[in-house]
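The following block contains the structure, expressed as structure tokens.
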């Protein structure tokens, strides 16, 4: 009996530690090999020779543009949808259908989003490979993340706040805007940060909708390249080991910062009531 | 003595369940009316019909009329916002918003269009003085209301309610979550408030009803069993059930 | 109610429907762009055709399906036991204060972009397989593919990528098993191991299953990681060291240079992928619902 127990716990422990070790290995390996190549020059110079030389300045700008478009479009829609679920909808068939499709949307693979974005925004709406096509595609992709985060935090707002506000003669909308949503700002922020993380990390959907231009985008209808796409291009073409590691490490750092911030906001500051 | 609310033949259903039956009652201006009865008797439900807070609950249907100053508040054309502005409410558990003390009080006035900073400052000072909270809070008006004690929070909620200048204040067991000292502070407050306001208070606590109210209604199983001046109810009840309840034989 | 509130209410309803509308639009546009290829080519020929050479107008996607399935299966074989072990370890063995950090670490694993996993696989895993695993296989079969770009590489990286899904959902299901069950089992003299294996895991079964289905969906839908490490050879594999092309990888790689007719074929591949994922999603949704019902 004792031997069996020891073996059982040993297997569990080893597998769990293996998981942890893998994480440390991946993050550590990329940081150790990439960090030495990240410097001011890398961050502030334009890429030269398809990224073999120079930095990734235009790519950082492109990443920011695409992500901004996505988050600016997705945030209000996500908040409004969550508000609909928790404040307006009466549990019924319509809500169930809407919820069901929101879950479905969350499960669609990114390359399908890419195909869709290409067929719809790039070709059908004639937006071409551009910041706006990619931003809109990503906006749809991160929508479920935003809805979920906002809804979770809306649910924790006590009913008594709603009653208190309504009993003072506030309308439903005033109650939502002035009392309920301010209570949820941490939850919403967490959702936005996670959405940003997903947008920055996304590759397949962006590749098919933004294209891969290396010059500085000057309008929403310019093609550009995000860091993830750049990392893919560099690694598949084997142009420069150094620049590839540096880009990978930079992505990891950004993801680490984003995750820690999201965790910090949702756990330390509490999902709610942060004044 | 003016009649503020005139309730006629009120029935209320939650789906198929009838929670209030044939309620007839008058509530008088500048008086305190206490609603007593065992839990589940319908007194809180009744209270919430007076500012239509029951509208928030799905599947509620209502028959009969409730007239406020001779106008039916369940009439389609009646302005719900106006009603709630005139008929304020204080809840069982203190429910200040997670905002500053100042912002809690100006919430109502701002919603109803008061923008002038001086006027808002004045409202804050006036209402906090009315609930005897000014001295305790005047130096921390811009700190979170959640930092106040339970009793202070409840007085803040009363002040928040007064800030929209209601005519009637509905109180749903306002002291049941509070300690005895805070309770007596709020009871003392009620008397002063009747100079300007009509008060309807739901209470579990018989002594409280006896101490503070002018009129008392005894509810049982969704019906009003007896409804009279408080001293009559407590000294000379007409109905056996009222007597049993008041003397503590059940409930 | 004020007039503008009515307008706002409408806007909010529309926002709530955007997700549904998007799913509808995605379905319409993917199908519209690709269905003609499947129709012209014939469903059977398309799905069971063993040659994918879009350059010459031959669109048999069986090699791609085989590639996706083999990589996914491999990742499940590695990922399921590891994931469930982690979940049990986290919820039943590790003290709360440690498991909190462990969970954050797992969440971090979920946040790393897939292209980063792909890059890691490309620079670490593929060479490692080439150097250490290939020679072992060569002893038995001298013709084994020597590059390291393989099902094995894809399966390992995908296993790492689906771990967070399996761990977090299973962990929730295990944590939701009522404490009374455990107490009853322990009170009958069962030890902790027996309680875990015979009471807790069976009770959390539906949650664990839905975690596996969702993980599987993620593995099938994953693109960038497999694209970089499976070698993209559209051939039906015969060994775990063979290079394969997956449905997702083929779409992502070939879309950038495909002429219109080839593009249509890629949309047709998208349809197949989409249908598989939809089916999995619906199954997962239903099993999650079943789980919710049981818990009440």
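Structure notes:
Per-chain numbering from 1; labels A, B and C assigned in written order.
The criterion applied here is as follows: a residue touches a chain if its C-beta (ideal position, glycine included) is under 8 Å from a C-beta of that chain, and two chains touch if they have at least 3 such contacts.
All of these numbers come straight from a predicted model, not from anything done at the bench.
Contact counts per chain pair peak at A-C.
Distances from each chain's CA mean to the overall CA mean are smallest for chain A. Taking the mean Cα position of each chain as its centre, C sits at the greatest distance from chain B. Taking each chain's centre as the average of its CA atoms, chain A and chain C sit 19 Å apart.
Rounded to a whole number, the gap between the C-alpha centres of chain A and chain B is 47 angstrom. Taking each chain's centre as the mean of its C-alpha atoms, chain B lies 57 Å from chain C. Along chain A, residues 171 each make contact with two or more other chains.
Touching two or more other chains at once are residues 81 of chain B.
Multi-chain contact residues of chain C (touching two or more other chains): 1-2. Those residues of chain A whose C-beta lies close enough to touch chain C in the complex are 1, 4-5, 8-9, 11-13, 15-16, 18-20, 22-23, 26-27, 29-30, 76-78, 80-81, 83-85, 88-89, 97-98, 100-105, 107-116, 118-120, 124, 140, 143-144, 147, 171-173, 197, 200-204, 207-208, 212, 228-229, 231-232, 235-236, 244, 248, 251-252, 255-256, 258-259, 263.
On the chain A side of its complex with chain B, the touching residues are 90, 158, 160-171, 174, 178-179, 182-183, 272-273, 275. For chain B in complex with chain A, the residues that touch the partner chain are 51, 53, 56, 58, 81-85, 88-89, 91, 93, 95-100, 107-108, 111-112, 144, 146, 157, 160-161, 164.
By the touch criterion given at the top, residues 1-2, 4-5, 8-9, 11-13, 15-20, 22-23, 25-26, 29-30, 32-33, 81-82, 85-86, 88-90, 93-94, 102, 104-109, 111-120, 122-124, 160, 163, 167, 191-193, 197, 214, 217, 220-224, 227-228, 248, 251-252, 255-256, 266-267, 270, 273-274, 277-278, 280-282, 284-285 of chain C touch chain A in their complex.
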